[in-house]
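Mind having a look at this structure? Questions to follow.
A, B, C, D, E and F are the chain letters, set down in written order, and residue numbers restart from 1 in every chain.
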């Protein structure tokens, strides 16, 4: 574990309702003097939503998450971890999106995400925007870890499997990031775990894709009432310390908790269940937890939100994921 | 199992945000050329809410459900059932309501519901509107199955028992459909199951009515923490393949998931719990599941909804109930 | 004047809150038996919003306008005109949009709009969707009237001039329909009148375009405090009975009256002012009023609306525009 | 002018956000010790909305007006009048409504309104609820002033004329109060002034009724652009000090200012225009202003409101109307 | 058990949407003739929110709870208890708050709460406002029971421990009521139970305070997944019949169920869980349940609420807590 | 006129929905390399609302204005002015507020505002927060211009006069900034112009204060219907080029246009009227317009806003005020 830390404004002196809003009140990337060592995580927004098949508006997701994340505090009560003392994190601004073309946008996000911080050390966390942006950050992450043959592992929270080949005539959309990532070699479907899938489908094709390609698919009902917990644990143990990307589509959480999303699917996780699941990944893994080398939270649509609860949830999901990296570093450091 | 099916617009060609909104994108009844055989289900709206005792506005429920149901897809992920391939379904428009008189309205709904499709084959699914409309569709359903002496069985999801004799001086209101149906011989109280009852009552009269008439009453707390699951299963096994009506008052779901309703009752089902309960009825019955010959979802009040989540839930409840009929047909066909 | 009329449901028998929602309760195009002669106007939706430069969501505009237009009644109190007795009108459904490509979408809208009704007689009214769709309906309208050299005249209500050459790298967007239409010969800029322009601009380029090409540009302040009324009247008199397209971007109305729009511009028309302006066009023209051969209302974004007031306004704007055609026919008939 | 006054909580000591909400913070009728002389005005709610033809919910209007009226202060800046020093006013609670029957409800409201305070002195101000309640308060008012043959005069602000004979099969609804009042002799149509009528109509019947019965009808456009101001002044001068009822349907104000209403009509008064019109009645009358012997504000529907602006407007309209009585008393007192 | 009862308006005659809104339709304190014996509970509002560290607006909480509590009925379905027959309860209005000073406000609330009813008999239930008001009601409660040395026991539902010493330079705020109460001797930290603590913290200081002072702290995850249920039961058994104060910060419930609050914390109780926990306290105690001598529900912020669900929840929490006192009286009466 | 300018992101390349939100997309104060000369205007937030007497929440005003101001473009269509080419402007972040004390807060704001940029050159524009913050920025402004004896002139847009001596026991609140500023010598009441005053008052004290101290007070009705326009022009001509502070309380605009405010007052300016009034100040002055040396826009309360229209209006008011300085510089430069 490094000795780096993130210096936040003291919320008991400067209130959380004051100041220009950055992700979790992290410094912006220009404020380099707040850091005493190379950066661990660069958080950036991907304000692109032209890949949606239903309701757009997620381009305003990064701004909403910045606003609501002002109320994210740094100490994790269950992990007993002061995140800002173990990781250096910044708000790196937004990627230069291409609102009229999904494919160009993914390329633009990939280039931007790849350029942040120290390529060999820094990790990129993306706040969407729709799920098509994930292809960009996954490509950049894959590049950061040396483009391993076989691709990255993927821990995927979502109501949808997002492996549709063509939607409304297009091969790049928020329904297709993972089929494209598999084709490009960026993602290894055999080490892909989709958690929380639910709701009616257009066709059973997604299920067939998972079966044909070895994707581990755990529906919400599998997790709640069947063997889902065990299958997740088995996946995590097998995954061990291999490099993994974590993507969290907010629509895996039930619309009561996350109304602000574009393709809502009913009957899913409560916030408490989703946070518990994330917090439990280290224990599920039987070790220090997954080795997350890139991550995102996507599909926040502020115009359908109320009281900011969806954006606030996205901000806490970001916090939980960063804490997973913090926990791993603390445990590895303690173990070393 | 018949070979009928419902032809939907292809959502991967014609987007779900396009077109005049009908229930679940089903054809309207005029589009007779989309069918190759007699109709299985006619879905209709009952835009009447003058029977409420608290907050009106449910007359706009059918429209809201039509809108949000555009995002209901046809393949059931847990039943592994393509609904549109086993059932023919249409949007039959709205019943001619009588907004100034509950009793006349129930008669009008009954007449309309009784006129839809092939009386000996077609079933009617009603989208409310308040719960007083249910008396109308139950009467029509009872007529469709030959007015059996003793009345229909009833699977009733609700926070309230709705067997109040007189409310604010009237015998017909959304508090009274089942006491009236029992009096008319349309409903057999001994085969009535009320699930999800909760919240404070004006008096214990409803409980006494249930006890006196043999209604099986399972409160939310009974189901969650006591013997409710077992009692439901016992009811379903005893019910077997007898003709049953299923009525789903959206207020049995907690207001966090269904804020858009007029007499909200706290501390109830999550969407996931409610959907799981519906999906589990076949297993609970120990056979092909209940033989639903008429159904409804009622008490959706759009002006109190947000992000359409209540209407979306109602649309999915409709889908789940139709799938119960689909599952039964598939199993009986396989069994035969 | 023909003897055609549109038969609506009788709102004093069938309430306005009942039935599947079509534009203004007009019959759908399949219900051909409701007409006794060829169709005057086909109303259609263009649920496409991928051309926006700021806030998307207008793809849900046509549905919202259908819903709120249920409360549009047929008799115009100022014109003393029963619209449905002088014009035959239908809801023709939605155009097949191309959500991933503005240019392809405009082509698709043009083809659909061109196919409606009797090409030599029927006129097409489009409900957007963003302003890029207008290029499609203008092309179709131009075709309907025989592709006159020099192009159509245009009466254009908007906060923005929409003659930007390239936006975010693209030549087709909601900022560019009229520069493209001029280039294609569909629109004659010398007979283009832009009313209600207001708000800060990125650059003075739009003003320069208008000046260079002879566009008559009347800002809101021109109309309210300077010579705008007179300039509009002069334009209308000169226009006379020439074929004109009328496009109404809802953002020309102040956001207090039309909050549900994507690029809101402050300090504009009240609803009363906008409706008065439309109603006054016949008088301004000094004759029977403009000869509108195609029209649209665009940029309604329901997720930012409240109480449906923006969609309701759009529905009334549609009604006013159709009444302009009705008034012209009555006057010409009387005059003939 | 009497020396009565209304003692309010001191808002600079007890804040306006504290306390049980009564209309304008007036005492309730039980708190009789706050008065030193008989009561001038009894304000009461009529939480009945079953008379509507479109969107219900106005039964919650009285509560919303009570809430928002907490911010109504007692000194009128234009009249230079401290209202509470010239009038004694109380919140008399709500009338016992009959939610299942319009006709019975009107009778119940009439009885309640007739029972308040000193019949020969006290006047009743009603807060609706829908416009059908007005028939009740008009009857009570007519009784208070001795049931004069020929009926009361009426100053009527509304988008609709509300003289429809039968709606959806019923003779009593919010579309019919004035035709019924005329039939009963309670209202003299020749001394009825309808201000602010606008929007499309189902038929021209309302206009014909006005013409046939001598109703003075001033549309919004008449008032804004034609001779409406003069016609109102002529009416007021002729009316002089005769007993008049004033009814204010909040939908005469444009939905931007009053979104919370059930049958919204576009293109009407701004709040400023409506308040200015009310304030100007004394000047228009050429004397002390109208002699208002009963009044109401109706059709506030809180579930469609936002930020409480419609209910706040209703509260201010109530204040303006009460000030008209205050101004008249001051002027008559000064004149005497 | 006394024979007192509270006479409510009959909701089957006078509808729940009628009348001036008091807490749960209880009589106001002036209506002394509705009581036949001394008062058991005085409910009052504390419309003060200047103690917040994030989002203000809770000053409007009491009014919102009054409104939504109109739909609270008197019979508890699980306890089989008609609350109004065992307890006399009134709405005592609002405390005179001091909006510009937390410390003065707490003193003012204490004085007001101490003055209500019969000091030796009556108990005070407060509806906030922010959590800093609790110091006032706790002081008054401590006084009512004779200022026992060692202080009161406390059953505390909250996401936050609220034992921060100084916040933004102040010792009195909504983050500090319990550290101040301990210092004053009003509260015994060894008999303090905090249930539902969750979410990120600024620092681990709160945890340290609990540990150092013997506070029993049960996080949401402790309760859901670890030994929390057992620890609560142990606390309740040990507490037995000692005088206890119960404070319920609505933010212990997940924001999906309680969006209307100022410092929302994700991943908490559902409404059903919270109500079940309250209902289960008698059973957890192994006897008649806790002896609650004062109570509150705080931190309701209406401007962030939707459909009133947060205020409705607060009203039901109030009902559940009062029922705990009712259950205890019935059981003690039966036991005696 | 200097040759300074503000370099914005190019909105036709980097969309307005991308990036960390600063006021009008201006650079933050750290990004000093974007400037080629000393700063003209520093924009800062004052997220303090503890001075309110009714509804709090304005502390979130600066953030909301930052968000909505992303859609403010730099070219003024009526002035024909490219603002960013004539002024250098930055977002200087938020002042360190003191949420528990109005008086300390005003001092803190004054200190912060006084420290920005080059004291002899830079001007400070404040975004509130409540109106009590204005005392702070006025003091700083007075200091910047050398503390002239007699104080600053003031152009004051507001519904309220804000010269109340004591409110709820306090001398510092949002009702009192100008009485305090007069007492301190910061403000010259004889050169104070209050525009748009309206609505009921607690007492006529404010009017008396204005009369006694020589404040020019123009009510909304004065401006609309009497001699207000002339009196404003007379004031502006007399003011000439003297140093003036401009404060804009958003509640001077009608709540239909500015619902998001805490003490809403009905019947005021439309957005169009308010913007027209601001734009017309140069013409009213008969010269280059007022010499504004400090300014603010206050009382934006986002939780009552919808669709961001109030914050968007505040952002445009800021733009208009900055343009007044731009126009003055251009005219003086041209004149020189």
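The working rule: contacts are C-beta pairs under 8 Å (C-beta built on N, C-alpha and C of every residue); 3 or more make two chains touch, one makes a residue touch a chain.
If you're wondering where the values come from, they're calculated on a predicted model, not measured in any experiment.
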| item | value |
| --- | --- |
| Any chain that touches subunit D and subunit C | B, F |
| Those chains which touch subunit D and also touch subunit A | B, C, E, F |
| Pair exhibiting more inter-chain C-beta contacts, C-F or A-F | C-F |
| Subunit D-subunit E separation of Cα centroids, rounded to whole Å | 41 |
| Distance from subunit F to subunit E - Cα centre to Cα centre, in angstrom | 43 |
| Residues of subunit A touching at least two other chains | 15, 17, 53, 55, 59-60, 99, 168-169, 254, 256-257, 270, 304, 306 |
| Category of the chain touch graph - line, ring, star, complete, other | other |
| Contacting chain pairs - touch in the sense defined above | A-B, A-C, A-E, A-F, B-C, B-D, B-E, C-D, C-F, D-E, D-F, E-F |
| Interfacial residue positions of subunit F with respect to subunit E in the complex | 49-50, 53, 55-57, 59-60, 98-102, 168-170, 173, 303-304 |
| Residues of subunit E defined as touching subunit A within the complex | 53-55, 164, 166-169, 197-204, 207, 219-221, 224-225, 254-256, 259-260, 263-264, 266-268, 270, 304-306 |
| Subunit B - residues contacting subunit A, complex | 11-13, 15-17, 71-78, 80, 82, 254, 256-257, 270-272, 274-276, 279, 306-307, 309, 312-313, 316, 319 |
| Contact footprint of subunit F on subunit A as seen in their complex | 14-15, 17-22, 28, 30-31, 45, 47, 59-60, 62-63, 66-67, 91, 93-97, 99 |
